[in-house]
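Which chain is which? They are A, B and C, in the order written, and residues in each are numbered from 1.
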């Protein structure tokens, strides 16, 4: 899924288990955390929600945080890390792997780029040819910005963000902030899941002012080529916005939702999390998407329905009101 | 209500009345403005809305801006400041007490804190141990930030804000801006009420990107311990968000609303002002709260109703639509 | 419509046609682009949408991008620039006329103004008497800020913005960003329309935190005298907000909509584009305006209706639900 390994911290399983107060005495090196589906043999994973049990049998993870009763479903060779609260342990573990949000140090700016002297740039960042970075921007460590980009004033780009060519980001927008993910203790405390992933903005994307795009928890949040995003839009962690899509002002996408190519979302419309919206779909202004959309078309309302049906509903309500 | 006296300007009643073009010749020292309920003997208060008349008889205010016909309801010893437009006079008066939003001068940073050199810090601010303040942040005068906090880039913290320990605030958020409060003249002009209060963020709170939290008009806006707030959320003046609450992206709380502990508000949900929401209540995404909620539960829709009822309503509409 | 010519780039028609790969060999000097209705004799215009055909006969434009079949409707002396895709050519042309978003150089600050040393100011900007510009602000080239203004931290004001006297803008707001306007190619690419207009904020306006106001595409976006705007509000390109209006938090106005004087828009309410809302109209919280409002009153709901009717509708639904 995600070609780029941005986490270069490494711990042994033994160290991890000490940190989590779990039992395990194995010297395998672990380089990160990932889902059962996406983990590789140097990563640790977890199972809490039975919905993801189906991914157990093919997981390539080195070790899995798992309840005792599920442990025998693991493939041979995958190490079970037994715990009553796998998701909570996962949240605690993310803190071990997270990198400093800011590091000063050397960075690279193309000779033809114009970076205002007031811009702050983190260690290892790279800025491409002819790109313009305007006053007050903060470009985090290891961020890559391609050629011919324009970053307007006071934009914040968190560490590890990948930005392609010909990208424009308007003032005040925030790219790569932590997603809104927490595990919850039995006594009602919220344990932060540090977001170890990143944001990727492909070529030819334009992003409006004061918009926020959160980084992936593991893996990435992706805005695909040629998509245009208006002001004050919220895009949560691990979303994927398809090529050439249009998100109008004040739209909100909840976590892990995938929009196909050329999806249009009208002003103040929104989606729930973990959904898929078919390519070429249009959601009218204020539409609220709470289930995946398989058939392209124009949809309205909340709950969402085909736009024609929504018009009929409004007509019906109008008639009922006149009769009453 | 509010232990901290952040306004250190003092005027005599006589000076105040000259400023307001009112009649009064008393040398009592006045240190601030407050509601009838919360005012102390060094403060001035006001009565315009009959709803608050009940607080007259126990008010400890030194003087009260009040209509002539209400003046005899004041307790003995409280000085009436007679005017036809108490609220308008109040608004005008707030300007007298407001402090400069920015003052340069000395401040304190714990030795172990990491404050980026580009950060601007106002006079009298204090930053605690191990706290990290990232590039581009502006920390106003007399702000207090506790230990182990992380303030991401380009955050603005207005003067007098109090931030506890282990607080995280993501990029671009604004804490302590003036609330949206105005008196209105008969000819339709809006007279600004300068907000003399502050914001208090308790321990273990995390606030997302580009979120806004307004300061109290008098007293404070409070985000209690362990609450988590997503991106692009609006919290108006004098709100109180209870412990361990969860506010998802694009939520809006209008002024003086109090959420109990562990309230959950889904994405784009909102409340009107001056309401109370019972502890452990969940408002589904897009829910609009226009009355206080006394009974915990899951609520949806606008107008708001129990979630089960909302589901029934959608089923009913669906059936009507099919029949039509 | 717009007294101020902020675009000082000049091209000959011949140069423009070479750039657009169109046929034309005329040395007339062109100073800008505008609508058919507003263009002057030094400007170029366009016709794509038949809705605007009525403006053809009185246009003063020097030349018009137009389809072959419409060209004979042009008044005598107006030069047709024949193309199958007038709007797409227009979009491409805007890039030729756009000025650099940032230029360093000399600027003027009144002796009595207080501009924090961390503020970045572009070439040709002017800041009036007693105005205060707080840390982290970025004031673009040729911006004019009047007297007695307060610009809170980390505000971005794009180039050419005009701000009157006694204006307050709270932290993180963005004034003058490009509007969300694109032409679309047949293969689904979005071609940016560079916004050549500006924003005008009249006297006595207050704007909340993290609000966004886009510049006009041609001409201007205007916030009229004495209007107050809350946090996280979106105002799109070419809107006009009438005198003394009130826009509560999270309101969204789509492009080219005009609000009359003293319009009140409740929290999270919104309008579609190209509408007019009558003076003294109130839109309740969450109201969605999709048609022009000619008669002042209080309106609610989406679709919008008179507030009393909306209350009846809710009563009706409630009764239906009880019966079912």
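Everything that follows uses one rule, which is that contacts are C-beta pairs under 8 Å (C-beta built on N, C-alpha and C of every residue); 3 or more make two chains touch, one makes a residue touch a chain.
As the structure is a prediction and not an experimental result, all values here were calculated from the model.
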(message) Give me the set of chains touching subunit B intersected with the set touching subunit C.
(response) A
(request) Indicate whether more than half of the residue numbers at the subunit A-subunit C interface occur in both copies; give same if so and different if not. (result) different
(request) Could you say what rotation angle superposes subunit A on its sequence twin subunit B, using C-alpha positions and rounding to the nearest 5°? (result) 120
(message) Can you compute the centre-to-centre distance for subunit A and subunit C, using the mean CA position of each chain? Integer Å is fine.
(response) 32
(request) Would you give the residues of subunit A that are in contact with at least 2 other chains, written as numbers and ranges? (result) 118, 136, 154, 172, 210, 232, 250, 268, 320
(request) State the interface residues of subunit C toward subunit A in the complex, per the touch definition above. (result) 101-102, 118, 120, 136, 138, 140, 154, 156, 158, 172-174, 177-178, 180, 182, 188-190, 192, 210-212, 214, 232, 234, 236, 250, 252, 254, 268, 270, 272, 288, 290, 302-303, 309, 312-313, 316, 320
(message) Taking the touch rule as given, give the residues of subunit A at its contact with subunit C in the complex, in rising order.
(response) 116, 118, 132, 134-136, 150, 152-154, 168, 170-172, 204, 206, 208-210, 226, 228, 230-232, 244, 246, 248-250, 261-262, 267-268, 285-286, 314, 317, 320-321, 324
